[in-house]
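Look for subunit A in each of the two complexes below; its partner is subunit B in the first and subunit C in the second.
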Partner chain A sequence: MTGKTLLGGVAAAGLAVGVAGIGFADIRTGDSLVINGDLAMITEAPAPEFLQDRVTTIYSGWVFRTDETRAMQADDFDNPAMLYAEQGLTAFETAMGSEGKSCASCHENAESLAGVRASYPKWDAEHGAVQTVEMQIIECQTERMGVAEPYGYDSQAMRNMASLIASVGRGQTINVAIDGPVAETWAFGEEIYYTKYGQLELSCADCHENNYGNLIRADHLSQGQINGFPAYRLKNANVNSVHGRFRGCIRDTRGETFAVGSPEFVALELYVASRGNGLTVEGPSVRN
Partner chain B sequence: MAENVVPRVRVPRDASAGESVSVRTLISHPMESGMRRGSDGNLIPRQIINRFTCAFNGAMVVDVEIQAGVATNPYFQFDAKVDQSGSFEFTWYDDDGSVYTETAEIAVA
Partner chain C sequence: MKRQIMLAAGLMLAATSLQADVVAPNDVVANEYGEIAASLTGQAGNPQRGAEIMVSRAAGNCLACHQVSALDEFAWHGEVGPSLDGVATRWDEAGLRGLIVNADVMFPDSIMPSFYRISGYTRPGDAYTGKAPEGELSPLLAAQDIEDVVAYLMTLTDY
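Take a look at the complex of A and B:
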């Protein structure tokens, strides 16, 4: 898809002379995101091999945002999502359930989970299934802590905890396995990605693969990567989960959506995560 | 009382006399506007931070009256000229009568 890259270059040149690139793919490449002045992110990278006949370069959603939104993510004090990660940290250190244990009883500190966000969703041999971070947290609560009412999959408490786990993993290169035992789930996720949903009959690919860089109404379409999740959205002033975002996108096609935590969304998350292999974990990020 | 209300501030540790320093403040707060309706159709009562002040060694630097249109987690950033070492005292006033405070020291050479 050199055509796409070329188009991006043309629009960028247009912008430089003050012409709005409406109708042209417009990707402001070349800027780098450094968090707190010392943590460098990879916001563009060569696409993973399985994708290369369709997309040459993968971009973090950060690349497509305005200067103001980009800047909020570059400093933890300015990033409102960090408030939620902090609440996650309080919960991490608080005992819950009949065993009287906190997450910290077994996991020492949140930093010990730094490798998690970059490698999930991931195969869990014991359960014989692909697990998301959220599923893993529920597993620890119900199977190891005696928590009778674990966090709801998309609850505030869960999004806070997921924000904490992402925040300690920032800067790690995403490397989600797509073969071996997860191959079947991954293929199911790929199928969903290219299926057209809703009255508008649009697939994820229609927007995020064929039209990234273009404007859809007033919004600047990204590649729909999930390296920035959970994502604080200015729209609802809260951190949003991956599955919450998927639901919103399918709803925008005027379709019936799958449920958060459903096998369909777990498979889709695995597939979408793998399309970001090579970018860095950026969550919790700031988006509009 | 609103839950999880935590004030935080960012002030440089040191500065030279007469320098203008950047002060950043944030308080986590829902800022319920009083205009929204809950799922039962009734108005959710207003509860906001209605005033924010910053003083330096007792002298007022900024005093802000805040209205219901200000979004969740109000963030204020401003510059303050410092002539001597001392402390910034920050105060947030909640509709429910709660008062939240924070201080930050700065050494001026």
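Take a look at the complex of A and C:
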């Protein structure tokens, strides 16, 4: 797919307009997303070097969505996901656990974590493992705050907190490390990305590398970028985690999914996040 | 590709002679090109029912990936696979049946699902539950469904 651009998808779609009678104007490139009138996002960027032989340009999922969905994300008062980030902020400032600490006890304010989202998943030397933001939150709760029952990996409270941490990092350029101590995990994630799962035998690449911009029935396939997560989906009217979305994708291949927080999904998250190196953190975003 | 591909014409004839019975997924006989000459059921396909299967999201959902002008009264035709307009001029019945049963034989790089194959998968699930399957998988379509879809596709002679 070297050199493939969305224009190819638009041209192909144009041929089908008379048939399906639908508007294809929503997969157009060149528009810019500016949040609240002053926070500029990078929604198109040259693909990271390791990807250049397959994909030349990377696109945020925002590019593939309708005008209405795009607009919702451009203003925090219109973005329903910000309500979840606000709930995360309340939790951030509330003491929990036997140590009597809140997140703010150590981190002062949420903005002090502005650099987190853009660099995760990342290597945790103390634990000798790749950690996601969710794993880091659980670590803080259990190892520093004395929380007996930390947030479930995909719980509402976790998705709220993850939404907060993404929100304060918006506009920062994704820059996830892929070499050094994470190299093995990254390679595992790459292998998963190209494996055809389930009775429909679909890999991530089948839809999101080789068919982005194309309609699959009524939906435009995106590049599967995760820079917008947690993502508020109009489909379920809530913020959704990366692993929750991965699980839904594998389920939709008529496959047996991996669990949220599993080593497979941590590796896949690292790999997919790195395919977005060069885009900006957009979470919590709005998607369909 | 776990399903064996049998070359012998004699076996093809044998399958044909048994066509009163439904051929089970693991017993389907294709030639080296992936073509399947014999009906899977011995019953003629119903093209009208075949069209309904192609449109239905709960059945074949062929429109998820393929555009079909003759079905333009139904919303949303995908762009992932080739248009099926005029498909009957490009393939004969055996070829179309083979493509639906297991497109991987003719097109190893195709992302088209195999609609009548129940083995050789990585982490297959129990339908769309995300859970592990209990017992043998069911094919994506029943044998007669496939015959009906083939019958409909054979009507698509116009571009």
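Here is the rule we use: the second predicted complex is superposed on the first by the 265 of 288 C-alpha atoms of A that agree within 3 Å, B and C clash if a C-alpha of one lies under 4 Å from a C-alpha of the other, contacts with A are read in each partner's own complex, and residues count from 1 in each chain.
Following the convention adopted for this analysis, a contact is a pair of C-beta atoms (placed from the backbone, for glycine too) under 8 Å apart; a residue touches a chain by one contact, two chains touch by 3 or more.
Treat the numbers as computed from the prediction; the structure is a model and nothing was measured.
S.K.: Look at the residues of subunit A and decide whether subunit B or subunit C touches more of them.
M.R.: Of subunit B and subunit C, more residues of subunit A lie in contact with C.
S.K.: Between subunit B (first) and subunit C (second), which, if any, makes contact with A:Leu202: first, second, both or neither?
M.R.: second
S.K.: State whether A:Glu149 touches subunit B only (first), subunit C only (second), both chains, or neither.
M.R.: neither
S.K.: Check whether A:Asp38 is in contact with subunit B, with subunit C, with both or with neither, and answer first, second, both or neither.
M.R.: Touch partners of A:Asp38: none, neither subunit B nor subunit C.
S.K.: Which of the two partners, first being subunit B and second being subunit C, lies in contact with A:Phe77: first, second, both, or neither?
M.R.: So A:Phe77 only meets subunit B here.
S.K.: For A:Asp179, decide between first (touching subunit B), second (touching subunit C), both and neither.
M.R.: neither
S.K.: According to the stated criteria, A:Asp252 is in contact with first (subunit B), second (subunit C), both, or neither; which is it?
M.R.: A:Asp252: touches subunit C, not subunit B.
S.K.: Would you sort A:Glu126 into first (subunit B), second (subunit C), both or neither based on which partner it touches?
M.R.: In the superposition, A:Glu126 touches no partner, neither subunit B nor subunit C.
S.K.: Under the stated contact criterion, what part of subunit C meets subunit A in this complex?
M.R.: Of all residues in subunit C, those touching subunit A are 57, 61, 63-65, 67, 69, 72, 75-80, 104, 111, 113-114, 121-133, 137, 140.
S.K.: Of all residues in subunit B, which touch subunit A in the complex?
M.R.: 4, 6, 8, 10, 24, 26, 28, 71-73, 75
S.K.: Show which residues of subunit A lie in contact with subunit B when the two form their complex.
M.R.: So the residues of subunit A touching subunit B come out as 77-78, 80, 83, 86-87, 237-238.
S.K.: For the complex, give me every residue of subunit A touching subunit C.
M.R.: Contact set of subunit A toward subunit C: 9, 12-13, 16, 19-22, 195-202, 206-207, 210-211, 214-218, 221, 247, 250-257.
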